[in-house]
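Per-chain residue numbering starts at 1, and chain names A, B, C and D are given in the order in which the chains are listed.
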């Protein structure tokens, strides 16, 4: 699959069909990859596809001018479709190199299960539904449900529906119910305790805005937190303001959020942000039967309406 | 590197440099629909006596509950019955300053930054080139020079704004044009029916007026675009980079070189500026001025 | 914190000027009785109400928020109230998901002629908020875990 | 003079003695991430790697109150926040301790910053050597040893079940003089400590070349193509700056409630466009200019002003970056020949 990607990417650049290629290359630390954004066809040799391609590359689409070839897992393809719906990306200017995805390994989960820091691990290998960890010459087997990101376990569309070139055989959705356990549990907690837990989690926030900046759905030129007239929230990390920031961010990406989990992965202080985004994802699905990024011809959620819907609480 | 030696301002040097002093707005002059000049004095009369500053220095002004912003002191150190600063309505703090009335109390800390090099300017012909609210820092120096006229030679002032309604400090413009020792030229980009002065952008009019570079210094302040077009004209007129002075503006918070944002290369505008010669600016490693 | 007996909630109502606001006016001129707990803010359309307004009101310590607009199909701008409906729906549901009591965020359709309905809505909304007590969502928590007195 | 030593299981007892005089902070994983947290009297976790939230936060908090003002009839009364008391930071790494020494320069320059400096003056730092440097660490390239420090008051080295204690400053000596339950270090302990230090030092494999770094950076300052290329994958978030032990930039804001208000200062980041945004223009609106500012400030402008590189090689920026933007790769691949032309 990797070699096919390199060949296709090189050919696209050589034929002048694209100006840029966005993909993954090997990162500078163990078990990481990093986005590769290049115009240079010789760089295509560095493109990789492995179980660590965590970033949502669709985030870079809105920043780059010209025609772009982009490596897209299921989640990226949904984000791209969502951007097309919002007129942020023109379909004709994007060549989607679809990657049927089998899930990305969550290093924090692996660290916890193995009880070692990632630096101490010798190797991590994905074999079908197993993840094999090598530490000090010993092997430890984890199941994929243990070692993959929650959002991968919950993924409904691992193989892109929208693509130009598909680089491998389609993979079936994992849709493992275990992925939703934490959210189910959260819903059972009493309201005050739920609020209190957000209070606690968000008091750690340092307002680095990584969650916003990695998010393909957060494409505003100017974010409301930067407004000064009026100043909606204090641009400083206090839990009240942090929480309002997250609430409004989630409301703003309602119907755009594809549950790609990037916000939670990017957070340097481990705030379980996906519990927020997934909450909104479910609300949108329940109220309007809407799932972001599945149909590029569908209207964006907040720009249209049905005459009869979501009325039950109106007096 | 810097125009004048900087030492921490002794005055107001209290234990906590971030604490503002309370000053009272005594008079407000509406210069244009979105620029006003505020006259103020220290609430503490003793401070009012002790306070000293140089032309070109700035202060940090607080509207309590809204925020703090830097503005140059636009009055002259030679006229000390009150202090002045001019504000254009552009953001949160400036909007708040535009809502204030006479008698309102605001916070002030300063003076900060360096000042115009009076020793260097002494005995020279001075050419002031200003645009819009950019006259504010020049104005402090112009009155300073006029009040010590015997120390300087000829004074040329070329000042422009977009329209006649956008001209600031009209009372000063009048008084300078009546002053025989001053050659005052006022211009607007677009005139109206009643406009009798020159029409054209400042760099163009400067080229027409063509002040001599001999034993002269030019002091330029205005919007960045005007500054960028004025330097080449001055160069054409024979001014060397050392003979051209300007004051720079950057986003600032602390005003004392700590918060980080106003740097151009390793120069902090608040600490090492705001007055620079074009020679210095050219030697900055950064093109971000 | 148990509200004291004479505690009266403070609410903010965003009323569309074409319908609910006029309805409130009519309720006043026709001397309908309803609780005086709502501070009314006139908006040009219910779709003017940004989710931020609702959050800001809660942040400032208001105990509840009411958004009121024209009945479906009767919007002065054709579709504003439909859009408001979607926005209020996700805001309300999401806040409930986070643990905000449902009574705090309320919405209604009140036309310019429905003075009686307006009075009823306000009565019920106030009653609902009274049940859940003062808004302490954004107040500081003390060391022992209880919330400090609400601000504002 | 012979060094002291202490058994690892006696650390809590030692801290207990000091907690009478100081507010004691220790590394903790209580909140899911490793931070410096107020010591709760229990045993101290000593197997942490790096703290995500840096000890910098004890001196320059992410957000702090500068003063309060209250409108009293017509005038404003200004009130300073109460003094926080003396802090004892146990378990600071040599890199983070050096970082504090580096940013002292900024807060002492020209005007004294009362908030930061008063905390610094009253605090005691107790360093613990890093015997498991991470893959992202490159402290040795910046002249810092993972196990030795001149920037702490006491330095502890792991020698198995015990720590060897070196007294670095007079403050440290006084602390030791007052403490009980310490043993005398033997020759073997000293040898063991020396071995540990050497092993740890050699475990740091990531390197940067700092030779002539200022000149080399200035030389490629105007190479827009280079900066655009390295900035391409940056997402302009504030992780690498807000969580950098040597980043000190801050923002000042007011908040008003009724007649009372507060002026806050909070950490700010040069990665954000609003950092330099003025109403009419923004000198660093483009991403590559902000990335350039970050790199050049740390390795060029700061050394030009204060004669020290504003980086300690702690590696947080590499490890925490969501896109694996690696400063060491950038510094090791600076273009050599550039035509400087404006």
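The definition used in the following text is that contacts are C-beta pairs under 8 Å (C-beta built on N, C-alpha and C of every residue); 3 or more make two chains touch, one makes a residue touch a chain.
Note that the structure is predicted; figures quoted are calculated from it, not measured.
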{"item": "Chain grouping by contact, computed as though chain C were missing", "value": "one piece"}
{"item": "Selected pair, greater C-beta contact count between A-C and B-D", "value": "B-D"}
{"item": "Centre distance in Å when chain B and chain C are each reduced to the mean of their C-alpha atoms", "value": "50"}
{"item": "Whole-Å separation of chain centres (CA-atom averages), chain B against chain D", "value": "39"}
{"item": "Chain centre separation in whole Å, for chain C relative to chain A (CA means)", "value": "35"}
{"item": "Per-residue multi-chain contacts in chain A, two or more chains", "value": "none"}
{"item": "Multi-chain contact residues (two or more partners), chain B", "value": "91"}
{"item": "Sequence positions of chain D contacting 2 or more other chains", "value": "251, 253, 255"}
{"item": "Complex interface listing, chain D residues touching chain A", "value": "31-33, 49, 52-53, 62-63, 132, 134-136, 232-233, 235-239, 242-243, 251, 253, 255, 264, 266-267, 269, 272, 274, 287, 318-320, 322-326, 328-329"}
{"item": "Contacting residues of chain A [partner chain D, same complex]", "value": "27-30, 32-38, 55, 59-60, 63, 117, 119, 204, 206-210, 212-214, 226, 234-238, 262, 265-266, 268-270"}
{"item": "Sites on chain C touched by chain A in the complex", "value": "51-52, 55-56, 59, 72-73, 79, 82-83, 85-87, 89-102, 106-109, 121, 124-125, 137-138, 141"}
{"item": "In the complex, chain D residues that touch chain B", "value": "66-67, 69, 71, 74-76, 78, 80, 106-107, 109-115, 218, 221-222, 248-256, 261, 263, 268, 270, 275-281, 283-284, 289, 293, 296-297, 300-302, 304-305, 342"}
{"item": "Contact set on chain A toward chain B in their complex", "value": "228-229, 231"}
